[in-house]
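Attaching a single structure in structure tokens format; questions to follow.
Residue numbering begins at 1 within each chain, and the chains themselves are lettered A, B and C in the order written.
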Amino acid sequence: MISEEIFSAIPMRTWRWLNVNEVKVPAGLSAEVKTEKILVEAGESKSVVLDRREPGALEVQAHIADGGELNLIYAQLVDEKDAAASRIKVYVGKGAKFNYTTVEAGAKHTAAELTVDMAGNDSVADVWGLYFGDGERKIDLNYIIRQQGRRTDANMQVRGALLGGAEKTFRGTLDFLEGSKGSVGREDEEVMVLSDHVQNRSVPIMLSHEDDVDGHHAVSIGKMDEGKLFYLMSRGLDLAEAQKLVVEANFQPVLDRIADEELKAEIDAYLQRRLSHG
Amino acid sequence: MAEKKKTYVEDIERTLYDIKNADHSVYKSHSGLTPEIVRDISQRKHDPEWMTQFRLKSLEVYDSLALPTWGPSLEELNMDDIVTYVQPDAKMTGKWEEVPEDIKDTFDRLGIPEAEKTSLGGVGAQYDSEVVYHSIQEDMVKQGVIYTDMETALREHGDIVQEYFMKLVPPKDHKFAALHGAVWSGGSFVYVPEGVHVEMPLQSYFRLNAAGAGQFEHTLIIVEKNASLHFIEGCSAPKYNVTNLHAGCVELFVKEGARLRYSTIENWSRNMMNLNTKRALVEKDGLIEWVSGSFGSHISCLYPCSVLHGENARCEFTGVTFASKGQNLDTGASVIHAAPHTSANINTRTISKAGGKATYRSAVKVTKNAPYAKCSVNCESLMLDNLSRSDTLPVMDIEGDEADIGHEAKIGRISDEAIFYLTSRGIDEEEARAMIVRGFVEPIAKELPLEYALEMNNLVNIELEGTMG
Amino acid sequence: MAEQLLEIKDLHAGVEDKEILKGLSLSVGKGEVHVILGPNGSGKSTLMNIIMGHPKYTVTSGSMEFEGEDMKEMKTFERSRKGLFLSFQTPEEIPGITVENMLRTAKQVITGEKVKLLPFRKELKATMQELKMNPEYAQRYLNVGFSGGEKKRTEILQLLMLNPKLALLDETDSGLDVDAVQIVSEGVAKFHNEENSCLIITHNTRILEHLKVDKVHVLMNGQIVEEGGPELIEDINRRGFTHILAEQEG
């Protein structure tokens, strides 16, 4: 996968000048690809934590058989001098559940693709993502959920904060395929922009070939709520402290999903440190 | 009974648009596109030299550009089959009686002269490649308002035209802009001097009668400082079995403190490829309001673009798209915030049914030079069956930290509960559905000129007939 | 005894394979006011929806007649045109259709006559004033952005404008403040006369203040378990539903 220039693409192209059609392979990405396979048997419930510190490319294939449940946590805290790429493909069977929590906070240049195939009827995908960019970091994300079974339920919640001269593109697709009757899908992205030099691109895509669905997406991009900041500052916090608190609060719903207290504390401390520099 | 009446409306409407007049054109270019054809068109149109050169240069650009890699497939369009210039057997006139009978009949049926009498400040009518009629109220002329066809403008106000023509949409923008630059013909020119408010709307109507032809009208509107204008554009064509092409270009210049409302109802027949480019440049405190209804065409690519160039410039975009059988309507809007405190509202509704494909595509760009930019987008899609497709593909590209951007989109079908509620009030299911669909597009309909709102309601009724089991 | 308007006998009905009404019988005569009481989940709202012909529910056995006519094959809009009206517990929000437009359309199809705009507007405005509604609401989209109280008042407005024979009021008073209940109650009282009947689900006796209740039914677990006069309301207010179950079992 490293030999090609394009790492990932959105399912439907748009104007080229917007530069969002493709995720490019990060410069300097090592050619080695690490692969992981996760198999969840029918009726089984499994938790997997991918605590990612190594640069390079990672490929994960997960198969969740009927009635199974996978709790997958992917925390990317790769050194900020390196590039990191990940490609995660998930198959969700009948009545199966995929809970995903991702933290994209490390690396100089991040490219990530997530593809969830909700093939089974009544399958559930609950995807929560957090990204954090500062300095000259580049974050390039492409999440796609394909809803194929009947009565599938997809939820994609993404929270981000951008500082310094960070450049980020988030693409999130909900694809209601023909036959996905009775399915619902929801996608939200909330971005906090904390610096004048940030470039933020958001591409919430919704494709539908089925009328009996209920799809909804929303994006909000902006600086922090001044009311919140004022409230905190009236309680004695200075601007930086107040900002830090608001960003943390925004990340909390994602971080709360990480059951491993040690990892959670580490991510917390990592973000704190980076926020203090910003 | 209400149902009966609907059927009646359907008959009238379809016949109305589909009447084909015999092709009495006095000249047609050869089909296809060569420098010779372009030169020939230019000569027949008595272009000034700079325009001839502009056309030839555009043709070069056209040849150098590839088809777009996104959007509906345009492969079935074969330029070698398209006749780019069809000159009707009529001279431009300001007197309705002088318009030839068959052309006059067409516009009479479409209600154009009637509307002129009652609610318009001026009217233009284009038939195939040339404008056949243009008129404007006397008092408008006295205030210095110019409303004429592009050819006359080129002759009488050549300096203004040369200053603005294809400056906002340069031929190298995309392949069909280049094509337009090479073979454009007809269209309207409006100039509203500083501080003048044009109270009644001006309306141009475009009719493409010839089979296998292209229409490439150019609309150039300049609204000077603190002036205002409402411009209405209507389009239709009879149905043929060959592909017709519409690649018009609209350039709108909204100066400081000026307001322009640009309303369009596009109801081309379903053999039309509608690849239209519209763009507005809005200066300080200016306002552009787009009201856009897309109902016709086989394929449409239409994304009016607003460049908010001056501080506090604003854009309001209201659009509705209805894609039915055999239609692939790719519509939307783009906004470029290039100055501080600029703001935009985009509000769209799309409906797809009977295998139709509707795509909402948009771009919101906030440049570094636009702190405190504000943009809110709301698009809703309604699918009336599962044969159809409905896609939403918005892009937001935001630089800086002082922007406030919100986007919301919904997709779904008519809810059973809403139907139950209305039927519990005695309304039958078919009417309940129609009411809900009309309600869905109502926020758009209320922005349209009355006769267009009625036309849209009729179209919705026609389209909904027979959708109940 | 008054002439029968609605007659339900041994009704079994439910959604998909779940039976909710299990042999329910109930009849409402012309000009009568009936109240249905029952704990949450006993099937009260289901009953209202089934009387109105909600397509989600299936009737498996039993009979339902309105003015002696079998309702089984009647579609929802036909039931409405015969004179049934449901005031919804949670009225639908329908964007793009104004209150006035919906009501005028409904009035037209129910009466089968053309309803002239100006007299209609006048009547609408007067009725809205009675209900202390801001007349601007006539031009607002149906229930969109209305508060809970405004939605309920809009339901009563429709009741008064459409003047059906039987009003089914599904917790029309819930979520209303004291003043609003008073207004709604007066509205219902205005609707009710010798010809028109009411079937009311309520948890609040205040809505009944301006009405003479003829009969009270207690609905539990999909059946009518007790019937009586207005005194039953007082009894249940005091002692709750559990004692009825106990009495039944004992």
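Criterion: contacts are C-beta pairs under 8 Å (C-beta built on N, C-alpha and C of every residue); 3 or more make two chains touch, one makes a residue touch a chain.
What you see is a predicted model; the values in this text were computed from it and never measured.
Student: Sort the chain contact graph into one of these: line, ring, star, complete or other.
Tutor: line
Student: Quick check for you: compute each chain's CA centroid and the global CA centroid, then name the chain with the smallest gap between them.
Tutor: B
Student: How many angstrom lie between the centres of subunit A and subunit C, each centre taken as the mean Cα position?
Tutor: 48
Student: With chain centres defined as C-alpha means, what is the inter-centre distance between subunit A and subunit B in Å?
Tutor: Averaging C-alpha atoms per chain gives centres 39 Å apart.
Student: Quick check on subunit C: which residues sit in contact with 2+ other chains?
Tutor: none
Student: Could you list, by residue number, the parts of subunit B that touch subunit A in their complex?
Tutor: That would be residues 69-71, 361, 363, 365, 368, 371, 381, 383-386, 388-413 of subunit B.
Student: Spell out the part of subunit C that touches subunit B in their complex, as residue ranges.
Tutor: Residues of subunit C touching subunit B: 52, 54-56, 75-77, 79-81, 85-86, 88, 91-92, 94-97, 101-103, 105-106, 109-110, 141, 158, 162.
Student: Looking at the complex, which residues from subunit B come into contact with subunit C?
Tutor: 415-418, 420-429, 431-432, 435-436, 438-443
Student: Can you list the residues on subunit A that touch subunit B in the complex?
Tutor: Going by the criterion above, the answer is residues 12-16, 18-21, 176, 178, 181, 193-223.
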